[in-house]
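Order as written gives the chain letters A, B and C; numbering starts at 1 within each chain.
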Amino acid sequence: MQHVAHLDETAIEVANLSHIYAGAQGTVPALEEISMRVGSGRFTVIVGPSGCGKTSLLMMLAGLRAQSQGTILCHGRPISDPDPKRVGVIFQEASLYPWLSALDNIEFPLSLRGARERETRQQRRARAEAMLRLVGLEGFGERFPYELSGGMKQRVSIARGLVQDPPVLLMDEPFAALDEQTRMTMGHELLRIWSTMLKTVVFITHSLTEAVYLADEVLVMSARPGRIIDRIAVNLPRPRTYEMMATDVFGQLRDRIWQQIRKTP
Amino acid sequence: MKILLARLALLALVLAAWELMPRHEIVNPLLLPPLSDVLAMLGELLQRPQVHLAIGVTAAEVAVAFLIAVPLGAALGVLIAENEYLGEVFKPVLFYVFSIPKSIFLPMFILVFGITFAQKVAYAAFTTTFVVMLSASAAVESVKQDYLLVARSYGATRMQILLRVYVPSMMPLLLEALRISMIFNFTAVMIAEMYASRAGIGHLIAGWGENFQMRQLFAGIIVLATVAILFNETVRYFEARCSTWRT
Amino acid sequence: MRLPAPATARRGMLVALLLLWELVPRTGLLPELFLPALSSTLAVLWQDRQIYSAALLVTLYEVALAMLIACGGGIAAGAVVGGIARLRELLLPVFSSLYAVPIVILYPVFTAWFGVGPESKIAFAGIYAFFPVMLSTAAGIRTIDPQFILAARSMGATLTQQVTRVIIPASLPTVFAGLRLGGALAIIGVVVSEMLTAAAGIGYLVTLNRTILDSPRVFAALLMILILSVAYYMLARAFESRMVVWQSAGRSPKAAQNESAGVPVSVAV
């Protein structure tokens, strides 16, 4: 059942990807010559100035938007349409459906597939409940999004992204709307979940601390048109602890990323 | 630009259908006279002194009712917006008031004023006041508290706050409130005239309808609709201009 | 001095109003012709209960059909106009221009076309209520958070699933608000048109009794219409808040109560 990751296997391979938006006031070159390789089971964080094209890149990795040029391979096969079995997406705003309970939200993607797959309603329910437990929300399944805190909503959202068990998880600033403390806890939780499920994660953030804390590798993008200007390997041991944030190594890594971002005009 | 052309084409299509369908008896010309006949009748009607008089009466009713309803409704609206307690008491009531057909009070106005000019004005002002009240209170509430805070912290006087903060930031909303109130006001005058009256365009229209004078009836509708649309578009034009310098 | 709670104040005002309605004519402050006492109004209402309930049935029948036209047509047209960007750009400004025209001036056309029976009322009230339903449906569809659809796509929803599982439930609150308004306008439209030219219905009773200066019977009809509109509004409100608890409920503790009691609040489509 569970996807077995080999760290030397390539999960995502992007080659010479460029994108130009055609707007009413002319064209906007958003991404330029992006090439990257994400190893299977690795945690990759993308940082870069606002408007540099991070969300655009993620959309293309998810098959939600077509790129102007270049190719994206996911486990060797090209991505052109959303494929929830290969790639799960978690957005900044939890974007839960307010008319569904937490559990129904998690079950939503399964109910979409329902017709195509032989899986009973009970089995689907059981899977959704397992996910709810995984994100630590047992007992909150019947609650509606408006009855959940921001952090809880984001947990539900993560559960929804994981429920189809895709090997790759894309996250676009998932914790940006949360307060500092909740954010730290959520990052920690995410690492716990990730370590048990061996997913490949591509994670976008503006927080340098978060980037270093979470990542195996940090990709730094330049201002628009976005290019990848640096790759920084984070070799801190896992499991990561809050104490690591106070170490010199952690500070140096954070500084290096900051220097890179600051250089970009 | 292209969209404007498309809209004009749509209008032309409707008008052509209005002309051609009765002409070729696709619809009964007695029920829907061809556009050209209606327009000819319109030209004729606009020559008649009786029609001039009716237009004058209606215009006067609309204007006087509006002049009464706007200050009254605005004052009440500001009151329920500024006074928290009154707002909490009356705002829920207002929503019920909107779902009630105000026309049922027409008989009371007739009992008090008789079938007169004053009765039409009083009825129209009565219904319009509620509309003005609701939009005025919404307009006041739209002025963000932080605008006011900023203005106060710079030491602005009450008068300055009123002129520099309230009025400019409310301008588009005020215009919209006036526009919508006018639509309701016009409707109210029409209902009052059609219900019981001896003068005014509404009276003429009701009579034409009863006597199956369809050409006259449609001519009257064209005049009223054109006036209403022109008024509406003019105010909307100013609304749009105010919004652009606001943001 | 402490002011009474707003709800108490409202109830107090209602009681005062009813008392005044009884006392002002009784004490002779106003002649019974201008304002018949509440008790005499209720007395004739009871006395003529057959006439009034027959009239109410006619009115309700017209209102129901008008609502059917307005809601069915309004939702269909609103969905098309709201869903298709081209059509929206073309038509929405046209509709908001037409909105300025007092629709009541069309009523003589309807009586000429359909006669003085229920048909002309249904047609008039149906059109009168059509526009708000259509406009709010269009707005409901247009203002859906694009993230909702994006998320659905990322989860592999087909186009049909996006419509039935996301767009429809997401636009329900606005559509319901439009239906509430449309229903109120259908009642208003029927009553107005019955008052203008008709041979049956409660609005007709208002006009009939006014012309013969039978004030208690005018007020009896008026009272029925008041109750009808207020009752409709309360019902629509209650229905709406049950169907779309999630929409407005963020603040209301009542909603949370409903939810924890296991009331099925999610909208099954």
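By definition in this document, contacts are C-beta pairs under 8 Å (C-beta built on N, C-alpha and C of every residue); 3 or more make two chains touch, one makes a residue touch a chain.
Treat the numbers as computed from the prediction; the structure is a model and nothing was measured.
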> To get from chain A to chain B along touching chains, fewest steps?
Replying inline: 2
>> If I rank B-C and A-C by number of C-beta contact pairs, which comes first?
In response: B-C
> What chain lies closest to the overall centre, CA atoms only?
Replying inline: C
>> Please tell me the distance, in whole Å, between the geometric centres of chain A and chain B computed from their C-alpha atoms.
In response: 54
> When the centre of a chain is set as the mean of its C-alpha atoms, what distance in Å lies between chain B and chain C?
Replying inline: 20
> For chain A and chain C, what's the span in angstrom between their mean Cα positions?
Replying inline: 47
>> If a residue has to touch 2 or more other chains to count, which residues of chain A qualify?
In response: none
> For chain C, what residues touch not just one other chain but two or more?
Replying inline: none
>> Using the touch definition from the top, list the residues of chain C that touch chain B in their complex.
In response: 3, 6, 9-10, 13, 33-34, 89-90, 93-94, 97-109, 111-113, 184, 187-188, 191-192, 195-197, 203, 206-207, 210, 215, 218, 221-222, 225-226, 229-230, 232-233
>> Under the definition above, what is the set of chain A residues touching chain C in their complex?
In response: 62, 64, 82-85, 87-89, 91, 93, 95, 97-101, 104, 108-109, 112-113, 142-147, 160, 164
>> For a test of understanding, state which residues of chain B touch chain C in their complex under the given definition.
In response: 3, 6-7, 10, 31, 85, 88-89, 92-93, 95-96, 98-101, 103-108, 110-112, 179, 183, 186-187, 190-191, 194-195, 202, 205-206, 208-210, 212, 214, 217-218, 220-221, 224-225, 228-229, 231-233
> Taking the complex as given, what residues does chain C use to touch chain A?
Replying inline: 145, 147-148, 150-158, 161, 165-166, 169-170, 172, 244-247, 249-250, 256, 259-260, 262, 265-267
